[in-house]
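Below are two complexes that have chain A in common, paired first with chain B and then with chain C.
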Partner chain A sequence: MNPGNELYMTVESEDEFIRRSVELFGRNGGRKALRLMFAADERETGAGFNVYAVFSGMGEDVFDILRLPIRENGRGPGYKSLTPHVPAAHWYEREIADMFGIIPEGHPDSRRLVLHGMYPEGIYPLRRDVSVQDIRKKIDLERPDTYPYMKVKGEGICEIPVGPVHAGIIEPGHFRFSAVGETVYYLDPRLFYTHKGVEKHFEQIGFENGVALAERISGVSAFAHSTAYCSAVERMRGITLPVRARAARTFLLELERLYNHVGDIGNMCAGTGFAIGYARGASLKERIMRLNERLTGSRYLRGVNHIGGVSRDVLENAEETLAEAGKIKEEYKSFMGLIAGAISHIERLENAGLLPGKIARNLGATGVAARASGINDDLRTAHPYMYYDELVFETYMRTKGDVYTRMMIRADEVGCTLAIMTTILKRARGFSTGPLHAGPSAGVPPLSSALGWAEGPRGSVFYFVKSGKDGLSPLRVKVRAASFCNWPLMPFAVQGNIIPDFPLINKSFNLSYSGCDM
Partner chain B sequence: MIEKIFYNIINKKQARPLETLALSAGETELIEEARKKIDRVFGRSVRIRQVDAGSCNACEWECTALINPVYDVQRFGVDFVASPRHADILLVTGPASFSMALALKKTYLAMPEPKIVIACGDCAADGGVFKGSYAVTGGVDKVVPAVSRIRGCPPSPSAIMTGIMETIRKLF
Partner chain C sequence: MLDLQFLIILLFSPLLQGIIKKIKAWSQGRVGAGVLQPYWDLVRLFRKDMVISKTASWVFHAAPFITFLSVLAASMMVPVISVKGTIFGMGDIIALLYTLALGRFFMVLAGLDAGTAFGGEGSSREATVAILVEPMMMLAIFSTAIAGGSTSLSKLALSVDIFHSPAHVLALAAFFVALIAETGRIPVDNPDTHLELTMIHEGMLLEYSGRYLALMEWAHYMKQMLLFTVAIDLFFSYGIAGGGHGFAALSPLYYALKLLFLAAAMAVAESSRAKLRFFQLPSLLGGAFVLSLLSIITVIMLG
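Showing the complex of A and B:
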């Protein structure tokens, strides 16, 4: 049972897989985006290992899902790498190699991605016959890490290692800069320090408990993640949500976008040392966080989403919420006025961290980063979900791709978000005050699968959920957070900039380490 | 278009930001007692090094909120520092992933004595929702000795502030 807009196609040969992928992706990217790519261990169902690639574009609400059954050869499972033809596949294929031991032959970068030195070679956590105890027994914290960083050789090249513990209150990651004077010649990021084995954990805890886990994959995208996870499971069970629940989810998704975008614009001020801008941004963000808490009981919008609906009526007392939204809008306008007048701040943003559209398309950029580099991609209009198909709104796209453009995309979107929130609140009186949950329904059918998605503040979030033979627990949950797509763009955006601009460029992308590392 | 709006609103009256958080009577008493100890033991100010050991980033944002104009924890002599060498307290978030274990241990070793470790958030206390996963040790305690725990997922900025003050009051 597959919901309507997921078109599955099994390709029998590796060459066919590459040919069809290139056809969907386009020679230079841009036709359809590679939304996610993952492997699944379906040996217990007799289907062996499979690699899936999901493509979709802006034009039509269809997901093209290619399935490549993996054949065992003498050296273990492997297939011809897709990366040389579809560059956006590069991190996905390295991840598949780490987690399943399925080797993409001919991949230009054969280094490990997810697993660090303490995980010995030959241990593949996501294979179904590998238990948690097996993995834990083999983890050896004394084992030296021998990750081969990219070396830049030549006169005057200075290597600067930074992290994983950074100077500020931020997440861990290691950055290896090769600099000439102050200019970054090459940046080799090493992430996955916060790898928590989330995908395997989903398989252990069952469908219902998965919601709480999804909310904790990326702290400030909690609601986008829980919505994407819930809608995947709801699609498998064939549940249709009451309109009030759909509108409530849409409202909270926009609220999440609002507090993130405002916080990000404020944080960019910290990147240039514009203290008053940072303080005003933080103060406004705090105001929105308190609205979050008042509406949902959680500053991070956790605990509201459930499979089948929402647990609280966030649209009641719409008048009160509307008044607060009005105050937030006033304060936001005044805050943006302050930023627009700070010429020294704006000048630092302009032309910093340029991300060319071609690189963004080829590497599969998503969210604000993509929309600032000329890719008009927004899941809210490409694949309308929840209440979005009943709303009329604008998506924004600019082409320059520098830090300033990324800030302006956020500024554009805040206006749109506030308008959507207002519209939903005004319509709320018209929604029936019936249940916030879909009625009782059958459980998850065995061996069914579905995609779930949401456009989070950082970009698209995708979940693929497949149920096991008993239908009680998932056989595979693939999580693709927005940051997983956008992290590989950083080295390109940083190249040629001075090192003191790195924090600023980093803040303009606002990438989650935890969402990427899982 | 937005640029045009900017120019129009620059000259208008500025909206009033949130005011600094007022403390409850209990919090005031706690902070006053803790401040006396901070004055005596730490020479008037206590410095915190925050380490993310695999957190989802919500705890980090709540720590960051502590230094915004609303909570403004710096008014009590508490601040976050860049180096463990300058830190009195190590505030650790996250379930201590195996990949971060070594970095966490090294940060702890780089601190001067007395080394005070506070586990911040449910994951840091016992692994939280990640308990039982192959990739996490299941709590900060498994890597470095924590003297206290701040519960919550994530704990609110006020909870982190009182948690830190409680720890200081309890220890000295």
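Showing the complex of A and C:
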């Protein structure tokens, strides 16, 4: 992890902000990806409100971070919207408007994104002078929700509302389909039913406790989240991790990818009603999760990461783990043989949910969804962190962008993940004497900031942490989970497909509801 | 006494459903619920209160009774373990199929009645599937009827011990596809799904709860057993009481074994493949239609 790869640049005018962003983003997202965009309330330090945009690409290990100080005008803080020029900014800007009341002028979609009807106008939860008690007092559960859904008009258009309560045990989300017969003409998803004030909470619990909170943001990406958070704080404190801790984190990141990808491939079988495939995928996933538990004491790999290192030596008994990994590999091979041989299943996957590469780039897709639509983007090689720069491995990219391609990207990556795990386990004897934890170090310097990141199973996870004046607690923690980037792709992927294929397409993206709703 | 043989279908149809579910669970490497689970489900539903939409009309209230009674009436026309004594001596297969169609018609109406999107989707899909299945099923039955020289199920059951002619093999293949479609199984429909957007049969029932749902579910179990019984009568009636073979006392045993065989075939066929994309159903059902057409031609050509 190159400590000097964050290039901050303060832009003075809004036009300059747009010009530089477009230059970095390129036409249609051709150059660098918009990794995250957020606002921070730094009035207590005299810096006012600021909007940050972070760009980076595959070519060089550099994050270009633009900072735009926000002007106050008569109607409150605002700036010229970036979305018309950089479409990937669209959700970020709506989120900023909801949470800080900083209005992106000229944004094509001025509806609220995060806050639902029960939040009255004029309540901006992430402003520093708004306390949780204030928010609680002002919330009105009876207040009607008047969200204007997109309407499709015309003969034969039927509106189908689905959710937020579903028949299965899944998270809440509302989907408004406009369909002609069985064919989806337009889908308007409404999410953010699970807003719980995570980012606000980070500001109040200090740096150390933040790890436990980060691990709880998204269950199946717990380790990617805690790694990203820890590395942000470690970068602020200038901690260099011992090799044994870096290897252990890398091993667990890959283990997390493994059980997710296997589970996702199995879950797609549920989408097509292929019962044997689903059952086999679930049992293999269970086997990997039991390995998780044996190595870390947690099926979801929680409680291992700490700022400065790891708390358990997951690489001890490497021989035993290696043997289990071998068995998992065998079982996985026979599982994929079953899937590949199930013609009726594969037939359903092909050409369903096509996501064109141009849309994926423009909207800032990440992870499997991006790599299946021709975007060769993987943080493990773009910005090597932990132990990845000492490993030789392949990243995969395919171009078709349908459900089948997304499944195959996962299958490709499982092979690579198993190879990485094996390599680390074989090298484990080499590090077994080193420390698991960096020694005592200085605290967090006041008013410092850093990015932390990890390539999770769903895609990139980013944390931006900025410390307050006392250096004891954060002034701002921004969490950007992979699902936040990929949810907006759904309406494009389902367009023109038939309604019964929606669950399958949804599963192929494997998006989290709560995990993108801080 | 033999007039009461429809009680077998009434009472044992949940058991058959339980057995199919059990075999499915085994084929997927799961333990599965006990074979008596459908009975407990019915008991549970009969005890529960109902939640009924304010917009529901009389159709919604009438449909469970009509559906249940139409299936019950249809099962009175079927020789289950004996060819003697189907009530009123009716036992006509065309009457049977259209008695079932009455129940389906009301179920489709009930799906539309509550005015929810899923019910409407389910009804529209059910009607689409029904239109495709009905002619195919009729043709398959006609071919056995021509070969047997009657449309009475009792006479048909007597005319063929076990399918032997090419016409019967073709008709059986078509009938099996019709069975899958009529009982709402993969690849046509997925009975175990929780995904509202993909449902057909379950979609129509989503608004039902409590006693009405119990009636609907029970009717569905009975319809499944009834159609299995028709298949047995048409294609392998060997051992049925009143026929030429075996002892009348062994007839229930033969019947149980044949049902078990069909249940296993159904469960394995269902577990091992994925559901078809909805708009590809016509190719499956159309293929079965061709089989039944070939069957009829074979009967006529071979005499």
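One rule holds in what follows: the second predicted complex is superposed on the first by the 514 of 518 C-alpha atoms of A that agree within 3 Å, B and C clash if a C-alpha of one lies under 4 Å from a C-alpha of the other, contacts with A are read in each partner's own complex, and residues count from 1 in each chain.
One rule holds in what follows: a residue touches a chain if its C-beta (ideal position, glycine included) is under 8 Å from a C-beta of that chain, and two chains touch if they have at least 3 such contacts.
This structure is a prediction, so every number in the text was calculated from the model and none was measured.
Trainee: By the touch definition at the top of the document, which applies to A:Tyr193: first (chain B), second (chain C), both, or neither?
Mentor: It touches chain B, and chain C stays clear.
Trainee: Examine A:Ala167 and indicate which partner it touches, taking first as chain B and second as chain C; both and neither are also allowed.
Mentor: Both: A:Ala167 reaches chain B and chain C.
Trainee: With both structures superposed, pick whichever of chain B and chain C touches the larger number of chain A residues.
Mentor: B
Trainee: With both complexes superposed on chain A, which partner does A:Leu213 reach: first (chain B), second (chain C), both or neither?
Mentor: First partner only, chain B.
Trainee: Looking at the overlay, what does A:Leu284 touch: chain B (first), chain C (second), both, or neither?
Mentor: A:Leu284 contacts chain B only, not chain C.
Trainee: Could you tell me if A:Pro500 is touching chain B, chain C, both of them or neither one (first, second, both, neither)?
Mentor: Only chain C; A:Pro500 stays clear of chain B.
Trainee: Between chain B and chain C, whom does A:Ala340 touch in the aligned arrangement: first, second, both, or neither?
Mentor: first
Trainee: Thinking of the overlay built on chain A, is A:Leu7 touched by chain B (first), by chain C (second), by both, or by neither?
Mentor: Neither partner.
Trainee: Of the two partner chains, chain B (first) and chain C (second), which one does A:Ile157 touch, if any: first, second, both, or neither?
Mentor: After superposing on A, A:Ile157 lies clear of both chain B and chain C.
Trainee: Common interface residues of chain A with chain B and chain C?
Mentor: Residues 167-168, 279-280, 283, which sit in both footprints.
Trainee: Touching residues of chain C toward chain A in the complex: what are they?
Mentor: 24, 27-30, 117, 121, 186-187, 190, 192-198, 206, 270-279
Trainee: Please give the residue numbers of chain A that touch chain C in the complex, ascending.
Mentor: So the residues of chain A in touch with chain C come to 158-162, 166-168, 182, 269-280, 283, 342, 344-345, 347-348, 498-503.
Trainee: Which residues, counting only chain B, touch chain A once they are in their complex?
Mentor: So the residues of chain B in touch with chain A come to 2-3, 5-7, 9-10, 12-18, 50-65, 68-70, 80, 82-84, 94-95, 97-103, 107, 123, 128-130, 132-136, 153-154, 156.
Trainee: Considering only the defined contacts, which chain A positions touch chain B in the complex?
Mentor: 116, 118-119, 125, 132, 135-136, 139, 141, 164-165, 167-172, 192-198, 200-201, 204, 212-213, 216-220, 222, 263, 279-280, 282-287, 289, 299-300, 302, 327, 330-331, 333-338, 340-341, 408, 411-412, 415, 512-514, 517
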